[in-house]
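Presented sequentially are two complexes of subunit A, the first with subunit B as partner and the second with subunit C.
Take a look at the complex of A and B:
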């Protein structure tokens, strides 16, 4: 209760300042200066973070309810497993090892998340990230298995392949005004079957196991000593560094450069962009190329670590689509994408550890899908949050509550 | 005497966060009168009407209808009390007929089927009674804006509304159509309807209104009997200071030709016609050339063609001796073209960007603001603050305010500041004062004349005849994509221009180009 001490001594004023600070967290000074808590809650960035966390909590809750419905007995264990993931291991080394595995899976997701985000900032919805990821995978695997190229060359080829796939969408959009979602979905399938044909027909295809052979060690992305840090986890590589570096670069490009200025401007209002003399068509194509490159790189960061071989399945790998959730759960912020990608990978990897005695094998995918699905509600939560804080604002101002109806009307008008 | 009032809004107070939109406003509407509500933009006219129409609920104050207190919580309540509104932007279904639009939402039925016969009879009766002269079978898209407005009026009458609110009804009309509307309003009042007439045009108030309530910055400034007042008094009440109603300018001293447009044509892909058909004209240094016309006669497309936003179908544009016909927008801008666009939200601003980012919209790539691909944020801030000060752009948080949260007038000031500051040789200004109040209009007009006197060429497009008459040095009238006449504002009248604008008259002479080399 230091704040009540009103001695003139230095120590006293210091404590009363601290006390005042704590008081101000919850209490407003006057109408112009709301409490720190409310002021903080009104900040856009903080609202995004809280909204993302709220989504995660609701997602986990709904997931838990579904588990309860399917089999009440194992639900508690199951939800704990999902939340804890690698932490559920007793041995320190195992924990580290599976933490490494989770990180290894995170890197490609960050890239596909960035791919979605980058296009989205320019007003394009790149649902083709999945297809760009697929052709990227095809390019790096072919280069690794058939030509046995060093890892960085494989990676560059994957980037180029993804970029070309993105460019196709961009060109169609820019010159013929073809809706990017439609052309991208088509190209997803074209990319998938093209990849299947090329890979199953090449010398790297193991026709007995129906998957590609493991790629040679010089085509694997180097671990850079990370495998020692993560107790011998064989899949952890510098991929995670690369992905985080790209997230930071995207952040800088979007916020500090003229290119980012143009890109966001075009995304917000393409008419004003045209009025200002920005090259709309060039920007659309360039955005899609870069977006495609990110997805292609994502594929390289996944397949060149040897986590999984190529299975020649009949659907596009889910990484591209998970990128959508990663981007949105991350509040459409490149740095946020790093964390959201990690979270999504965290629960997906954990899902595979669920007790199959109680649940069938697909349950992990179901639960992570539910959580990811709810992640799409970030925008909704954010809206809700800003409504609440503005409501507090009204209480501050007038000393009485306002009805929701009024508030929404006011919002609609202002 | 109190029973004389059909609607009374007593001591209405409505607050929004940070602003008191209506502060203790009282408005009393007599039966059968035309009551004008005058005020600048942001004075609280729309808010007050929204309170009456049930879109907002006031914090304080009561509304009485025929002396009885009523609670209007939503527009349905207002309709039930026979309050109707003609919105500034019509709410009509373009491909429906006039009749269908009128009965939409209040259809008469017979055994569950639409009964057009009964409805038609009522509509025609109403139309005759108030002298509206509508054709019930015409489609909305085929009739003039003036006619569309009458359909809106009929819609209100069809619903037995007693109190009619007109929200800036004359903004889209020609002088002749305005005359007719004024007559219709008088007829309506004579038949016992009570009219609330929202406007910022003083002429119209003097012509039709019986009384006038003036608002300024959310406060009730006063109630005047229109017959005892004059324009100067009203404008002073509205703005709060003496306003110059006539643009103060000297006679233009035009010199060299700066813009030369030759046989310019634009193609309208939707309607498959030439929206601009072989238009030729020129603009010289130091003169204001104004293109007048009713909205939708090709002025917008002509400007899109000149500024490079849309592709030309044919013709040639020469700016400062350079053929810019095939230049993209940025090259045209750099060649000395500046453009204040018609639609400030669609073209003029990126509303999600901050004010400072919008102020460098056409400059961010110049060395002043860019270094090795990076934006020099400090310079941008410095430049933005300079413009904000120079052009008195007001906003909540200064340079970092999101433009979407700024008022229309200040958004417009931002655009005008940005465009004038670009040091252009030709300034294309499309409706630069649209939706602005008298005070702001005065300062923008002054700016434009100043730019002219600096030796710049000004190409002005305006739908407001007052503005055309007072600001321009030469007037070109456009009708259906063609220039149908050229006038000297000192030797013509709004009535004459109106005839040309409506297509009733046209000069067949080709306008001499390049009278001066």
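Take a look at the complex of A and C:
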């Protein structure tokens, strides 16, 4: 009996609660408790997500305008192709296969994104991720092609190579006060030429095709059964797991450990950090080493899946620079980096599917470059959001209104 | 040997131009890391202008128009940096990097769209074969006779102008100034008529250079001997010695026939003129000193009534203009086509390194640019140097050379860096300086 009596009231309270919840989204309770929408908008994380989505939308819009300028007829199809990527295939297996390809390309981007994010948290801008990536690629390819080492050893060598390249920047910064951006750029070029010298000179270089031979199966990262899940996509490997795992580790290290706290402290204010007894120079070098390791690992996750051979080109591979967009589009959050990396790979892979009669694949690069430029405005955008949702501000405004009314009243009295 | 000098001049010109641009931006307090991208956009604008301007126009007009278009492109692109970093107070490093990534992508998309429309096949290579010749000249075949009367007339007019300033109370000094100024102008006009009638032999570039240098050295010696100004004594002495020895060097090179095979481009004299103008503007004008103050202590500058944001915008715009010319100089002084997806192979960053090496001073920047340009030139022309060729090592090592040298030089010069104090910090009225 009791139950029967209670249930309707429970249901009633439940519905009224839901109703109240929806009402509270838009309506404030009192000055202390604003509506959920406003409260949400005040939160840093939600602001970052909104800012990133705004960047993406504006970036795509500008991309669409560029497409329209180049050729107005096919622009609609082209932008749909870029947004849909693998979803534009009709067959289920093809969709899965190209989803797998996109994921395989995402893994290295997550790593370079993490590399830039990690250094940025400590107040360093690691534009050298591209060079560390190049050196890592050289190390793992050399180990795989010449020594035929198993995949994990190749990977470790790539990590070490990237770490050394990062350490050079860190040492120059810490002891000789060299601007890390410029020294890193110089090291990018030095790394590129060094990699070209080493790889074109080794026995794994196919001088007819001007690329490296395909690497042996024991040097490839195992697929761990993912190959079957993604309908026989040969490039999808456990690399994506490794990358996501590292993203989570970085998240935990930055937020839960003393080391992460010190790094962030150095990033916010290096003088305060030094005053608080943190070893500033050691932290700079360590940050750059770890950052370089991430970039090196990224190279290993790319070249050891066999997606592409090394071409010995005359410009540094773009993966390191795309990492910058991934890190900033992800709101400088390791978990956000996973999603932003996926998005950037999504549009980049889709770019190669564009109709080459009218457009070129670099449209995607253009879109992601515009997105990075827009990311520079994120700080201002967040400030703007906080300003319009700030409670104190509104009270002030009401206060001003009140005072105006009072003033007018007083004037009327006089 | 000639070819090394030629390439050194090309690269030194590019580096000096872009580094000067970077210098103006940094003195105003904004780190312009986007120089590389601005160069690409300037180069793109110049290349497109060269492709579409009618080749029937006179050579001089083509050079001027192409340079102006490059400057315009660089200016507009640098406004993107100004907008984000000055108005919206964004991080200067990220914005600069974004612009660097944006530029090659934009250039590739534009060039591919054009080649696809016109040739039916998309490549990122843009041809401007017939136009590039306008930028190049041979020293010994170029008529530079007009330089001598021009200098004489300008100097005469300047002296006359100074005399007119003191016309209210005529003293002995003013009288002398009138006489000297009038004589100089008249001699200049006389020379112009003589050259115009073909009575005097044609003066080619290298002799004109010699005459200009020796005249300047003589002028400084005159100041040294007759105007006993103790403050400027050391300065005058150094410039007299430097310019005198340069003049003698050029005379010797002239006599040995060194300049016969040397082709130059118009960017070299342009760069030299711009270096001189930069020195003057930065240290001797109201604007230059205001610019310096905005980079050192913007709060103090604001307090005395300087509009910091406006000054910074001007600094960034100047850097964009210089980078635009630099980008054009990079693609037009040697090549007759350019592949735009490689950008400008890190020259924007090398220029920033040159700027640091030159400690943010125009003359030092020029010297640094020559040094880096020399190493870059070796990387390209080592085949022509017998002993380097004999060593038989991969060309990649030589390509690496300027970057390695740059890193080493930075390691030695960065410690005592005298960078503008407020660079890289967005100006905030509320913060304490």
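Everything below uses one rule, namely that the second predicted complex is superposed on the first by the 355 of 414 C-alpha atoms of A that agree within 3 Å, B and C clash if a C-alpha of one lies under 4 Å from a C-alpha of the other, contacts with A are read in each partner's own complex, and residues count from 1 in each chain.
In this text, contacts are C-beta pairs under 8 Å (C-beta built on N, C-alpha and C of every residue); 3 or more make two chains touch, one makes a residue touch a chain.
Here the structure is a predicted model, which is why all the values come from computation and not from measurement.
> Determine, under the contact definition given at the top, whether A:111 touches first (subunit B), second (subunit C), both, or neither.
neither
> Give one of first, second, both or neither to describe whether A:156 is in contact with subunit B, with subunit C, with both, or with none.
neither
> Under the stated touch criterion, which partner chain does A:370 make contact with: subunit B (first), subunit C (second), both, or neither?
The answer is second: A:370 touches subunit C but not subunit B.
> Quick one: classify A:257 as touching subunit B (first), subunit C (second), both or neither.
Only subunit B; A:257 stays clear of subunit C.
> Is A:172 in contact with subunit B, with subunit C, with both, or with neither (first, second, both, neither)?
Touch status of A:172: second partner only.
> Counting touched residues of subunit A, say whether subunit B or subunit C comes out ahead.
So, of the two partners, C touches more residues of subunit A.
> State whether A:265 touches subunit B only (first), subunit C only (second), both chains, or neither.
Only subunit B is touched by A:265; subunit C is not.
> Now for A:201: first (subunit B), second (subunit C), both, or neither, which partner does it touch?
So A:201 only meets subunit C here.
> Contacts for A:66 in the overlay, against subunit B (first) and subunit C (second): which applies, first, second, both or neither?
After superposing on A, A:66 lies in contact with subunit C but is clear of subunit B.
> Under the contact definition given at the top, report the residues of subunit A touching subunit B in one complex and subunit C in the other.
none
> What residues on subunit A touch subunit C, complex-wise?
66, 70, 125, 127, 172, 176-179, 181-183, 185-190, 193-194, 196-197, 200-201, 314-315, 321, 324-325, 328, 356-360, 362-363, 365-366, 368-370, 372-373, 375-377, 379-380
> Show me the residue ranges of subunit C that touch subunit A in the complex, using the header's touch definition.
Where subunit C meets subunit A, its residues are 33, 80, 84-85, 88-91, 93-95, 97-99, 101-102, 105-106, 108-109, 112-113, 116, 122, 341-343, 345-346, 349, 352-353, 356, 394, 396-397, 399-400, 403-404, 406-407, 410-412, 414-415, 417.
> Give the list of subunit B residues in touch with subunit A in this complex.
Residues 15-17, 50, 55-57, 59, 307-309, 328-333, 339, 341, 346-353, 357, 361-362, 364-365, 370, 373-375, 377, 405.
> Inside the complex, what are the residues of subunit A that reach subunit B?
256-259, 261, 264-265, 268-269, 271-279, 390, 393-394, 397-398, 406, 409-410, 413-414
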